[in-house]
Amino acid sequence: MNQSLGTGTLHILNKAPGHPRFIACLSALSGQDSLVLIEDAVLALPDTDTALPEHTVALELDLDARGLSGAAKTDQKISHQQLVQLTEQHPRIISW
Amino acid sequence: MNQSLGTGTLHILNKAPGHPRFIACLSALSGQDSLVLIEDAVLALPDTDTALPEHTVALELDLDARGLSGAAKTDQKISHQQLVQLTEQHPRIISW
Amino acid sequence: MSTKLSYTLVITGAPWASQAPQTALAFARAAVSAGHRLDRVFLYGEGVHLASSLCAPPSDEPHWPQQWSDFLSDNQIPGVACVASALRRGLVDEREQNRYQLPAHNLRSPFEIAGLGEWVDGTLKSDRVLYFHGSA
Amino acid sequence: MSTKLSYTLVITGAPWASQAPQTALAFARAAVSAGHRLDRVFLYGEGVHLASSLCAPPSDEPHWPQQWSDFLSDNQIPGVACVASALRRGLVDEREQNRYQLPAHNLRSPFEIAGLGEWVDGTLKSDRVLYFHGSA
Amino acid sequence: MTTLIVIDQAPYGSWAGREALDMVFSLAAFDQPAALLFMGNGVNWLRTAQNAKGIGQKTVEKNLSAAPLFGVEKIFAEHEACKRFMPDTNSRLADIELVASVKDLITRYDHVVFAG
Amino acid sequence: MTTLIVIDQAPYGSWAGREALDMVFSLAAFDQPAALLFMGNGVNWLRTAQNAKGIGQKTVEKNLSAAPLFGVEKIFAEHEACKRFMPDTNSRLADIELVASVKDLITRYDHVVFAG
């Protein structure tokens, strides 16, 4: 997991692709920021219309629910335990 | 009011511009359909990014609330009473 | 345009989350004053919160559940909350309170709790069915 | 990574309208089992519906309000519903019931009702404040 | 009287789609002609291999596969949205009719209804 | 500890913006540095001549004009969204600071918070 993470702000996004806040979140990311996709936002992975930044991970249980276990690389999937670790490592967190 | 109305389906739209259903509604309109903007959808009138179809009206009280009394032509503004009349005249109505 | 029609109104947006209950009320008042009949108002999904007897908004703000129940009572229009939506969201009458052994009931009169069959009936018998959704 | 942190969790999405309460619960369990402290869970906006004592979902579905209150009790974590959000949306404890002369109360134990000051306190004292919103 | 129930929201993140499904089952239970249309983000209901146990929900795929048994006449999906989210046709449920134009489809039904 | 409360939803159609405003007033009441950012559809809060009496609500313009009195340090608005919805600068409330880059602004605050 760690190689795909940035050192800036941790952005947690739960909106589906196309939602105005989904779009706003993607355009507010800086180079060293990390993005965690949760809930409906994990649909960004199969979405051919969405370009995701380099440092992107997604909650594994949300992927599984939506039939997307195969849509993410192993190092892109995180558990809730790992999400907690990410919040330890990032003092700045924005929930979109 | 009546000159700006079509004879097809009556579409009632309450989503703000940019909402996925706002976009879906606009692209589902046929030539003779009529569109009524209510609630947050009246923001489509000042929105420079939205092209509205010819047969479009908006609820006057929703325009007033949002400071848009001047954004619509007189024959584009309707009262709730006139909205009721539109539903009388259109057997097919879709609420988006 | 003197033909009088019958309407079913379906509200799926909650008060204080959406404008749906207020738009629906303005429409309902206009329809009644134009001489139309409202067969019923059906609350579905988040809309069931409109039937709560426990809302206490600040006194200088409109009280949508109370305005709606006054309107329904004054015009003898049935107000129905979908039972499946209501039970999940914590809206229950005395019968459901007893059935599920809950500590209280909070359904505001004259609203009643019933199944989706009431909505199906509306789509079959009313001349028009209008939906008032949340906008988020 | 042995430093233990303190968290405030804010839930603004309602159960059965959003996934927010379930995601927040999974996060809360993981944080506690990692040894972190949860200072409080604050319910705001639509999130206050999580504190209802009257939800009765089908027996084969998870009961989010009950799971949350069990978790809070088991771990002695304060759960607070914002008073302004709660009063508008029909979530009241016995004190508010009496003050506003309402027919019942429906706040699920151990949730309490308090002001936004509790949230401000969280932003000042907790190492991290996380928000769980609705997705619509 | 024919009714088209439309689902345009993704599964699991909100409850609106499930309540739309209850509506279509209800119509079918009263022998009323009813069909379903998935469009936009709603087409993500139609992906195979869903497993929502880990997030404490019931998998919607099962609800959906019951639709024909309960008398739901047809399940439509917007072709464009399917291509966008499920370009691999193997990842889509079977017995779905793809529609090129939502605009044309909705004119064929007396009632077109969203659940929320 | 500085907090930026963000409003990205239009006024009146939902309650989230009002609850965001309560948050910023609350911070100010406890003497915590707080500012507001309106972005996307949220900039429609900033239009002059709003009158919500007819829809039975209180006009948000008044709530907003109280912000500086209550100690809210700054009101920002996304320039792009303002141009989109209010190209005529006379139709915008005064004392708003336009920002070209939301991305840059949010890095300047310890906490960036949406109300819902």
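The chains carry the letters A, B, C, D, E and F, assigned in the order they are written, with residues numbered from 1 in each.
Definition applied: a residue touches a chain if its C-beta (ideal position, glycine included) is under 8 Å from a C-beta of that chain, and two chains touch if they have at least 3 such contacts.
Because the structure is predicted, anything quoted here is derived from the model rather than measured.
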| field | Graph distance between chain E and chain F, where chains that touch are linked | value | 2
| chain C on chain D, rotation in degrees - Cα superposition, rounded to nearest 5 | 180
| message | Let me spell it out: compute each chain's centre from its C-alpha atoms, then which one is farthest from chain E's centre? | response | F
| field | Taking each chain's C-alpha mean as its centre, the one farthest from chain D | value | B
| remark: dist(centroid_CA(chain B), centroid_CA(chain C)) in Å evaluates to 24
| Centre to centre, by mean C-alpha position, how many angstrom separate chain D and chain E? | 32
| query | Taking each chain's centre as its mean C-alpha position, how far apart are chain A and chain C in Å? | reply | 39
| task | Return the distance between the CA-based centres of chain A and chain E, expressed in whole Å. | result | 27
| query | What residues in chain E touch two or more of the other chains? | reply | 9-10, 12-16, 40-41, 55, 57, 114
| Among the residues of chain C, which are close enough to touch at least two other chains? | 16-17, 19, 23, 26, 45-46, 61, 129, 131, 133-136
| task | Please set out, as single numbers or ranges, the residues of chain A touching at least two other chains. | result | 14, 16, 18-20, 39-40, 61, 95-96
| request: Please list, in label order, each pair of chains that touches. | output: A-B, A-D, A-E, A-F, B-C, B-E, B-F, C-D, C-E, C-F, D-E, D-F
| Touching residues (chain side chain D, partner chain C) in the complex | 14-17, 45-46, 49, 52-58, 65, 87-92, 96-97, 100, 102-106, 134, 136
| message | For a test of understanding, state which residues of chain B touch chain F in their complex under the given definition. | response | 14, 16-18, 39-40, 43, 46-49, 60-62, 64-70
| note | Within their complex, chain E touches chain D through residues 9-10, 12-16, 55-58
| request: Write out the stretch or stretches of chain F touching chain B in their complex. | output: 9-14, 40-41, 44, 47-52, 54-55, 57, 59, 61, 83-87, 91
| said: Using the touch definition from the top, list the residues of chain C that touch chain E in their complex. | reply: 12-13, 44-47, 84-85, 115-117, 119-120, 123-124, 129, 131, 133-134
